[in-house]
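Labels run A, B, C and D following the written order; every chain starts at residue 1.
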Amino acid sequence: MDNQHHPKSFPFSGEPNQPPYKLASLNAHPGYSTIDLDEISIGGGKVVVVAGPCAIESTGQAMNIAREVKKQGADLFRGGVFKPRTSPYSFQGIGTDGFHILDDIRTETGLKIVSEIMSASQADAMFKHVDVFQVGSRNVQNFDLLKCLGQMQKPVILKRGFATTVEEWLLCAEYILSEGNHQVILCERGIRTFEPYTRNTLDLSAVALLKTLTHLPVMVDPSHATGLRELVIPMAKASVAAGADALMVEVHTDPDAALSDGRQSLYPEQFEQLMYEVNLMAPFRRSQRVVHN
Amino acid sequence: MDNQHHPKSFPFSGEPNQPPYKLASLNAHPGYSTIDLDEISIGGGKVVVVAGPCAIESTGQAMNIAREVKKQGADLFRGGVFKPRTSPYSFQGIGTDGFHILDDIRTETGLKIVSEIMSASQADAMFKHVDVFQVGSRNVQNFDLLKCLGQMQKPVILKRGFATTVEEWLLCAEYILSEGNHQVILCERGIRTFEPYTRNTLDLSAVALLKTLTHLPVMVDPSHATGLRELVIPMAKASVAAGADALMVEVHTDPDAALSDGRQSLYPEQFEQLMYEVNLMAPFRRSQRVVHN
Amino acid sequence: MDNQHHPKSFPFSGEPNQPPYKLASLNAHPGYSTIDLDEISIGGGKVVVVAGPCAIESTGQAMNIAREVKKQGADLFRGGVFKPRTSPYSFQGIGTDGFHILDDIRTETGLKIVSEIMSASQADAMFKHVDVFQVGSRNVQNFDLLKCLGQMQKPVILKRGFATTVEEWLLCAEYILSEGNHQVILCERGIRTFEPYTRNTLDLSAVALLKTLTHLPVMVDPSHATGLRELVIPMAKASVAAGADALMVEVHTDPDAALSDGRQSLYPEQFEQLMYEVNLMAPFRRSQRVVHN
Amino acid sequence: MDNQHHPKSFPFSGEPNQPPYKLASLNAHPGYSTIDLDEISIGGGKVVVVAGPCAIESTGQAMNIAREVKKQGADLFRGGVFKPRTSPYSFQGIGTDGFHILDDIRTETGLKIVSEIMSASQADAMFKHVDVFQVGSRNVQNFDLLKCLGQMQKPVILKRGFATTVEEWLLCAEYILSEGNHQVILCERGIRTFEPYTRNTLDLSAVALLKTLTHLPVMVDPSHATGLRELVIPMAKASVAAGADALMVEVHTDPDAALSDGRQSLYPEQFEQLMYEVNLMAPFRRSQRVVHN
């Protein structure tokens, strides 16, 4: 109703039209960037879909899921070999033993590979096995890792932290950009709020806001954001409608047996449904000129 | 990544399949409810749009805006005569002097009238001047007001509180339903979080979640949620994609001179654009059966 | 570490040294106010303690508790006859039947009576049965109620809302003050955050901050804030150390049978312990001049 | 008022009396742990105070501050040589050039040295220059770093993340403990909420709660938590009253010229005042047996 709690002017911590994220700023670039991996163009006209399991558990599990998501039209495969887990006693990922599985998936399906890096010390070993590095929420302000990735010429998906403001997140991207790597994709994955029904609160306003602040492509991960597979399809559609360039979705052929995140993973037939609906609505996501009849 | 912070089972505070909001529960009703006002059906197939200024300021201002939103296809007109303001020194609305303006708008444009009620003591006087009562965020747990509205046979738009969980919000609706008035529309309007760029954080997961929990229609107010007119169109589209049945949007013919909320009010031509884009995408909001080619 | 997220100057929404809460501002008043009820002085030198059950359940229950808290040195008795409950199906208080119980407690024990008002329509009936009106969190921005209480000459305990900023809260107080009633006590009772172990997050920084912003006395309710009786004593002590003028504590002689809030109510012997420890530490709560030995 | 939002039983994500943080649990240890550095015993009877500037800027600046805090009775000196900054364009600390300054301070003043580690790759170089490693909020779930510190035999101050729940935080400690290093001190430093006046919201309930859940010592940093030097003394006192074993406070001889965090740094005379007041109140922080007169 009134503006007590509201930023006075369009909001940066610095000067008007001089956001502190100099290289990430939309002002700094002629139009939106695209990040291209062969024929895939993130930030281009098409909604790019990254899909796969939370964690690589075995060759069979990963390959089965990869085939499914490839069949339904996913562009990239995601699967973690290093898993940041809240508890030290939880499954921590299969580690470097998983690299050959990622290689096999790329070879067989042609899908590009996205996998999470947890530490700068893993970068060299991972480099040739992944096409895109993923930085998880917990590491969004691991500046040592960000600087390391800034010196590599490989795209980075930078997930928003649980409690990172949009400005801080853009400054995290700036850590990578300012080291020379301009291939950063921002991935909204929900923030922490008081609401207990959903795992996090997906902040889709951030997606629309980012399209006014930065030239970098924007991805949404509705799986981690909601934590409930029932909500993944509507939130994927809403993400696209809000202007997202790409989606990251967890899919598992046997979610109930998944070693992590089963509750939020889609069954393959749900993923088929998601791809179908997203494709139907994708043409309408960009602003359309009003046609007066 | 893992489930530490996550509800164990599908989440209610009570027994499985026995949510504490007995009458609002989807289990309690054969399919989704609609709330009908002559030819308008909230929760029916069409996305219903409520539009108008934050506050009624004068006959001229209100009638101009009403004509604009009518022309662009709005279904209901919104305009507050009683304004809950953070400061006692801010404009508090024109009060009962505004009733005849609401009447004139209904008569001239045929639009149904939505206006905010702030206290049970206003109910009798307002009754014949409004078609739908609106309960604002600050009053979502004003149980005295909710019980009063439960005894009236007129639809109620119940906005979510700044910090109301989905379960609590459904129990607020239950206060109205349990008194005998079943015409409740839930309106998501953003929750309070740490993010300062937007006025509130629009919780669109709540929209998709509500469609799994309750039969009541769901509306979204992207104007109050974001506080920035630049974000209203993409968030309106995202709301529809998430499953919203209706939208509430602030429109002003001279936002810069508005007595409240100018920064988030759409210019008329932006509202035209919103209606155009929402109508293009509306057919795809419901789940579509996959067609195998 | 750095100031990105930090207010630039001492923070108000208005001009420097011109906070929007004109009457509540510390600038507006020569020193801190006290609110006096016979020999009790809230905001004076002594820590004033309000104690009693969440809800008045029966004459026996209420009188037993009143005698206990009187014996341990409480200054005021609290007990709700109207109870704002999240669910319409929960116990709603015994209502006006409880007035004579409040009268009896005052007569027998000499304790002043604090009880919650939920609606302006209850004010006249409650007036002679209570010494202090309490406004609950959910009604902190029920402006109709605040204006009504502003026209009464009786102290008001104004609880902070779940998600009310300090500035907004002071403006709620301003609604009462600007109508002519200057006897407002601000009661911090926890805000909503992501932390699930405690019912709310007690914001004791707000207590210290209020002592720099306003002349009004400040109370803390550690029972509602934490929701866990194990934490009430340390949080009561911390409140006093942070500068609180008064405490509000839930006590029950049979918490496990309480109709509401049993989990956070102290047993009488715990309340004795609380009074003992608070009294030991109270002398050190005010800033002490450094003595060089 | 009621328990809708409240954990049903004493709250862990696992089984009753089987918290997931096995080694950190109070059940796992006979009483509270102490962490001893020569004559300093963190978690022992005395409130231990860590003080110093946010960042080491030069020999002169650091040594001046070290002498001041030593004179007033601080036990450990804090000062960062590696600084995690939101922006890559902000001062990043003087780096390894600062090690000799830390050495000089230890030698001259006898104060033990606390300094922040940002990456496992810094551990070996830092090892001999610091007595206690500090892990900052942004790295609380940098599991690579935690595991590394778990393999070192040196105390670790583990700051709570902006949005880390108490359970998650204890599991972060568990990462260190489970690698073999049992010298972990938990440092509460404020969480992110909607309140804009303070930099963060200091969660002192967490301090009292931790004393019921874990044997590890608990420290509080009121400087980062509030961001306002006016609030540091009352919050330091409140921390002690809530049960904190230790305090970490920023002090600067010329805060207005500080390269970071000047607004929250105490002037030396304020630090003197803080030490005086904390010492006065410290005897009353432990629970006292009620003495009946």
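Convention: a residue touches a chain if its C-beta (ideal position, glycine included) is under 8 Å from a C-beta of that chain, and two chains touch if they have at least 3 such contacts.
Predicted model, so just to flag it, every value in this text is computed and none were measured.
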If a chain touches chain C and chain D alike, it appears here: A, B
Comparison of A-C and A-D by number of C-beta pairs in contact, larger one: A-D
Chain B against chain A, contact positions shared by both copies (same if over half, else different): same
Length of the line joining the C-alpha centres of chain A and chain C, rounded to whole Å: 45
CA centroid of chain A to CA centroid of chain D, Å: 33
Chain C residues counted as touching two or more neighbouring chains: 3-5, 20, 84-87, 163, 165, 167-168, 171, 192-194, 196
Parts of chain A lying in touch with chain D, wherever the complex brings them together: 5, 20-22, 84-89, 118-121, 138-139, 141-145, 161-163, 168, 171, 174-175, 178, 192, 196
Residues of chain D defined as touching chain C within the complex: 1-7, 10-11, 54, 80, 83-87, 90, 136, 163, 165-167, 191, 193-199, 201-209, 211-212, 224-228, 230-231, 233-235, 237-243, 260-261, 263, 272-273, 276-277, 280-281, 284-285, 287-288, 290-291
In the complex, chain B residues that touch chain D: 3-5, 13, 20, 165, 167-168, 171, 192-194, 196
